[in-house]
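You will see two complexes here that share subunit A, one where it goes with subunit B and one where it goes with subunit C.
Up next is the complex of A and B:
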């Protein structure tokens, strides 16, 4: 199965590259509209050799991983705690919903006024974008656990702590996984946007800056890396999280 | 509880928030530049509404959303169904589209600017491609997961290919498609705001980014609140009812809010 997948991918890659090269050569457009695949590869070699690309990739990855860790360590517990009381949950639900729908990027202008053009502004925007879906979904997850289970455990004499640990948290896990996935999806995109607007480094900055100089091969290279990094994030961060919790315990997915 | 009652109850947390906001700014804990008072923001809202610039920017942003939808959804659904019908092509196209999905949105902006320059074309393109790839992917997956037995049943009864598409595949893929549309508007709206900050001079994104130059914090907050309210209204009044009237009403699997 895996071998078939690899062969499929190689064939696909070859076909796409060939079609692309052909289009680049034949279309009557200026060079910088559609550089051929070779130009993109050349840009890759060039930027790696200069050390720019590894640096930019490291910056972007660092920021998103930081946001992911913050989401897990702060967002999930906060959402769980807020969800435990019906009244508190009902109070915060509309607020969280509203703030979640305003992406961190929309807050950027205000953060620029507060912190200026710097690392802090980017981090605040990205962390905000990741945190709210996580908190919101954790809260929803706790609220969606059937009362029956809570009551069952309390009938057996469990303390609120045991109820939280053995029923509420596991029951909220599918929602938490959804929240992390959504938060990181929004957050990764917000990061690219923030780096375009604010940064002096990172992948967003790289492709935006390249546009100024019509270095389209660099733009395409950057875009490809952005896509690959998301796939990697999904594979190395989100999937293990979901597998270690939701899938392993046989909880309903989505 | 009546609908009005529910709205009022939903407004209570916001009333508390505004009260806290007024208290913080009134106590002089933060400078007016950082966080203007609620009344300053309300005044700014009134000014912007009165001179029309708020409505113009809202119309610009929403217009781009609509354009992206009108162009993107039919194309994506049509292509998705076509590709899904071809059993050799579908497994090859799916990962490619999945990859482009991961790439969608603001990452396309520099390329779009190279091709189309500054202005509404680039920005609408961002909206379009976010919607297109996500809906395409969801349509593809949705059609492919329709159990073959339904198609075979219709064929057994003498149905043509057209019957299969219209009466089996499309309804069967509908939950996936509708979810895709809803999600893509969510992603697209965010990408749109970001793109408007960079590449054009109208729209809500431009409004708030431009205001940062002066800096007019109250205008920024008006813009932020408008963005949030618009999304909530769209989701509550347009997207959720569509979901309810199609996939939930027909007893197909419904998705969590």
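Up next is the complex of A and C:
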């Protein structure tokens, strides 16, 4: 981000916060309906002091990181393998497309029956939600590698294994990066939803539980942290990863 | 003398994926290419030039007939036949030097030897200083030079070239043609070069093979009797036999485009 952009954002944020504070002070509404920014800040201080917030953030982050590792270690290789053969890819395409669209949230009622009211259901929902876009996009990535590159390598005397290693996998990387980004974005939402429903900790649990006690400031704080964590993850981890490989090869125009 | 490449009764039929029509691209094509010969192939568009090249490369199996290289039947791609494609087929995720070294890497040539070979070919194609660049940082002409160098470095016995200079600008094309001529003279490789550009075919070829309109057969083989040393555009175009040969080949191609037969 340029310096100018950062300044613009700071000014904008300050303006919105000021307007919000003004509205909270002027409007004839009870505090639990629209708490002022100071209340949210106080909630932050309180929850950090009690150690609740660091604990919940750690729990949520642990779950999404686990899903990310699973996506990389299982989802990407699986998608690559399925994409290698046109016939296998054509067979799995509608299946993967179907499961990608049925979000982990929609699976929650069934998972509750199968895996019970707890951690196992959360992990199943999140991992499932991350895995399918990752597999699907890795498969698409392999299929989208120009035939020309494959032919060029075959005429250099390359074995099928060599073609896979030197052409199909690097050629699929842009799509794999997209799949990881999409999968984790979906997964992050599914995680919050699952924590709301069956969690005993985590950010989703925090905001849902706060509603029972009319702790509106805590809800707003939780929402803010959910968003900030994602933006940070995307900006500091996913984008640099993409830029280190894909953008340098001129495959993605920025 | 036995032929380096022998095409025997080559026929190829395929189904157009869009119109679902059956297309007879080649029918009964017979052709011998001598060892060390530079043979150019011209013909009206759609006459099966690219199909012929893909069959020679082993990327497509002919419906009937056979391709023999050194008397052995071609059944698939092999490192004895290097290909330079019309589009730039170098890998965007490899630098210039790693693209050029790719064939040697596949052959298991040790690193030091690879590096020496890369240096030699980078110099030959005039890309010194660009070794670490990625293809998207190069112009079209430079990319095609890299593709040619990659094929040359792999040291195939036969080079197959499919309109390799069709998508570079006119100035660059002239340079590339002269460079290829020098390379052909230096390496004495057997080269089969497909083009739709008659001047290019006459400039580069020892012989120029004119294909008939679809289904492609050999209509004529025209010898170009100008020594390789005299093949720079300046010297070449001033040679009286150049114009005559070009006009002759052009007439042969035109007959096929317009469908006239037997017009002298």
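As a working rule, the second predicted complex is superposed on the first by the 246 of 254 C-alpha atoms of A that agree within 3 Å, B and C clash if a C-alpha of one lies under 4 Å from a C-alpha of the other, contacts with A are read in each partner's own complex, and residues count from 1 in each chain.
The rule is simple: a residue touches a chain if its C-beta (ideal position, glycine included) is under 8 Å from a C-beta of that chain, and two chains touch if they have at least 3 such contacts.
Computed from a predicted model, the values in this text were never measured in an experiment.
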First, second, both or neither for A:167, with subunit B first and subunit C second: second
Residue contacts on subunit A - larger count, subunit B or subunit C: B
Which of subunit B and subunit C A:85 touches, first, second, both or neither: neither
First (subunit B), second (subunit C), both or neither touched by A:219: first
Which superposed partner A:190 touches (first subunit B, second subunit C, both, neither): first
Partner chain in contact with A:102 - subunit B first, subunit C second, else both or neither: first
Contacts of A:154 with subunit B and subunit C, given as first, second, both or neither: second
First (subunit B), second (subunit C), both or neither touched by A:33: first
Parts of subunit C lying in touch with subunit A, wherever the complex brings them together: 57-59, 76-79, 81-83, 85, 87, 89-93, 102-103, 106-107, 134-137, 150-151, 154
Interface residues, subunit B side, partner subunit A - complex: 10-14, 16-17, 33-34, 91-92, 95-96, 99-100, 102-103, 105-111, 113-115, 187, 190-191, 193-194, 197-198, 205, 208-209, 211-212, 215, 217, 220-221, 223-224, 227-229, 231-232, 235, 255-257
Residue numbers on subunit A that touch subunit B, as the complex places them: 8-9, 11-12, 16, 32-33, 91-95, 97-99, 101-103, 105-110, 112-114, 140, 175, 178, 185-186, 189-190, 192-193, 196-197, 204, 207-208, 210-211, 214, 216, 219-220, 222-224, 226-227, 230-231, 234, 254
In the complex, subunit A residues that touch subunit C: 148-149, 151-158, 162, 166-167, 170-171, 173, 245, 248-251
